[in-house]
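Here it is, the structure, as structure tokens.
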Amino acid sequence: MLVVEEISFAYPGSPPLFDHLSLKAGAGEIIAVVGRNGAGKSTFLRLLNGLLRPDRGAIFAAGTPTAKLKINEIAALVGTLFQTPEQQLFAGTAQEEVRFGPLQFGLDKDVAERRVEAALRRCGLEGSGSVHPLDLGYAERRFVALASVLVNQPRILLLDEPQRGLDRIWLGRLETIIREEREAGRAIILVCHDMDFVLRNASAVLALGAGHPRLMETGAFFRDRDLVAQASVTMPARLQLEALLADRP
Amino acid sequence: MRSWSIHRPGTSALHRANPLTKLAALLLLAALLFVLPWPGAWAGSLLLLAAAFGLRIGGVVLRRYLVLATPFLIAVFIFHGLIVDRPDRMPLAAFLSYSQEGLTYAAVLGGRISLMLAGSLLFVATTHPAALLRSLDVAGMPPGLSFLLASPLLLIDEFTKRAGAIRDAQQARGMRVDTLSDRLRALRLLAVPLVTLALADAQERSGVLNGRAFRAFPRRAVLSPPPDTALERRLRHVLVAVSVLLVGCALWLG
Amino acid sequence: MAGIAVSHLTFAFGDKPVLDNVSLEIRAGARLAILGGNGSGKTTLAHFLAGWLPDGRPHQGTVTCDGRPWTEWSLAERACAVQLVGQVPVRHLSGRAFTVREEVAFGPENLNLPISEIQARTERALAQCRLEQLAERDPFTLSGGEQQRLVIAAALALEPRFLVLDEPLTNLDPEAREHVLALLLSLPRDRAVVLLETSPDAALAFAEDFMLLDGGRITAHGSARDVLLHGCAVRTLGLPSIPRACRELGLFGELADSELPLSLDEAKELIKGAADARR
């Protein structure tokens, strides 16, 4: 579904963030991208959705090389939920916000409306369609942004810190949506600082800023103590407890 | 360095002068507009731009001058010289005609704009906005007024970032920016949320300012006031007095 | 009484009820965490605690400090009594300071204090928040964590008796979160600190006293164990990470939620205790 082949990238005047980075994400895979601040996690997502272009290497979304596509064409295949999406909402109502994507892709009006309603329902926003996004709470705004990405039914989902600041109920809703998307065969790339969330949801981990990044199975990543320390991430609580149990006489 | 700023640090007398003194000099410049004939105004602009080069800030001042002045001056000359109907209209070429009176008037207007712009740019390039604000506080200017000056300067970059974030989100949801009409549409989609965000921001920031006792008193202390001397204070008085005199004479003599 | 007292506070934004008959007290030296899910009324309560509300809006009940409603306090008096730090630090910058030092000095300058006093307070606050190296930087170019420390420093420069922080850690990465938590823990006890949070772990790391705000009402008050392992908190916020991990691993299955260990150390003790009991 997503193939990254030997990409390299550096911001002008800065040392390279990526050097010959490769990975593959198949349908139904959830890859967590972790690492300390400044390691290039959000930059990596911007390379995948076309807002940035790699200096070298190639990216293939659903088999199509993204170098040949414009950003709005990549958007048909790759959906992005940016960090603090509350600051990127621009429509007058939640419905208009979610409707934006389908309209850009020239979808039939009725089909678009049905998709909009379905997306709002999935995101727990049935009653809030006609509310101005700024009049919604923090979590609702996050989910309006999520609905407006889901409505386009992209094959690849990029989620940048989607879980931040959510309480249990909204977190549960998010994890359900992630599971549903996985079961529908999407590939999901998840940038995340919350290692408990990573442990619960991701099948593989890409640790940036730690030597030569490569994709590892989630359990294998967390078992590698040195790598975890190099990536400057904390051990999930469950694994800390398991370690405690393993140490007991 | 902020993206819009043309301020360049330096050690010239102009750099070191108190911002209020420089403001008084700008006031004199404005007063001169009442008495200077148009060739004088243009000569004055050239002099000020040359002075900028002498202060090693010529490049940045000239660039900003050209960007700001050129469209305006072209418009003024076309409008008054070629479009406005005047008694001394003369044919020029094809359907165009020109008026000597109109061109002269454009030269007067253009000269005034040019002189004030050159003076203002010289001021801005040699005065850090923070120093200006501090000097206004020291002078007892109402804090709210100086805030109105400062906050757009500081928040422009914030809003540019916000606008960029909105545009990225729109593109990542399929918005096209290929044709001119696409781009105009994109601008329109950007304008409304930015204004809404600005208003919401303004409300929250007013809470923040109240919380930190802004405008609790008519005057506020200043931790690092810009240097000032008795000589500069006397010079300011002279500059203001001469300005008032010039304007008074100009109005008296009609 | 000396301190902030909220008495039967009921408030709605238009027709949307937000706070319902809230009563609480914050005394000197408090280390209080008020936990609540999204939309529980935390930000509104924080605004009332810091005197930003009612702002002329209709409401029932009172919010007083030292027995006087905030509305009777002058701007200067209130600024020296309470300061509010918000979730998005860039929105809490004054918009009038070109350097970090200016931002910190902004409050004391507004109070028209003597220059030597302004200088002393500014340097103290910069040192307390470890911002000395960044003193000449433009506040808008700092990272999120640095900006949050700056907003706290700017608040501390006014030497308030009460510091109210509305989800100050939510938008920060783990490293920045550690720095800000360490800063809060290092504050002298003569300052009362109230932390409003969604994350039970953040609250656990800092507070000694806990309250649960649910649907605009205070539904629990007490120790971490009383509140964080309380049914209502577990439903809206989830268990803190260690008790949650215990449940996921099937550890201490015989214990009720309220008896689970809250930290790794407590877990270690329980495991050791169980092993000793078996022997």
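Of note:
Think of it as A, B and C in the order they're written, each chain with its own count starting at 1.
The rule is simple: a residue touches a chain if its C-beta (ideal position, glycine included) is under 8 Å from a C-beta of that chain, and two chains touch if they have at least 3 such contacts.
Keep in mind it's a predicted model, so treat the numbers as computed, not measured.
Chain contacts here are complete: no pair of chains fails to touch. Counting C-beta pairs in contact, the chain pair with the largest number is B-C.
Separation between the centroids of subunit A and subunit B, computed from CA atoms only, is 44 Å. Rounded to whole angstrom units, the spacing between the C-alpha centres of subunit A and subunit C is 30.
The residues of subunit A lying in touch with subunit C in their complex are 36-37, 84, 137-140, 164-171, 193, 196, 232-234, 236-238, 240-242, 244-245, 248-249. Of all residues in subunit C, only 47, 50-52, 74-76, 78-80, 83-84, 86, 90-99, 101-102, 105-115, 118-119, 122, 138, 140, 154-155, 158 touch subunit B in the complex they form. Per the touch definition, subunit B reaches subunit A in the complex via residues 162, 165-166, 168-178, 189-190, 192-193, 196-197, 200.
Against subunit C, in their complex, subunit B makes its touches with residues 2, 128-130, 133, 137, 143, 146-147, 150-151, 154-155, 157-158, 201, 204-205, 207-217, 219-223. Listed in rising order, the residues of subunit C touching subunit A in the complex are 37-39, 87, 143, 145, 167, 170-171, 173-176, 198, 234-238, 241-242, 244-246, 248-249, 251, 264, 267-268, 271-272, 275.
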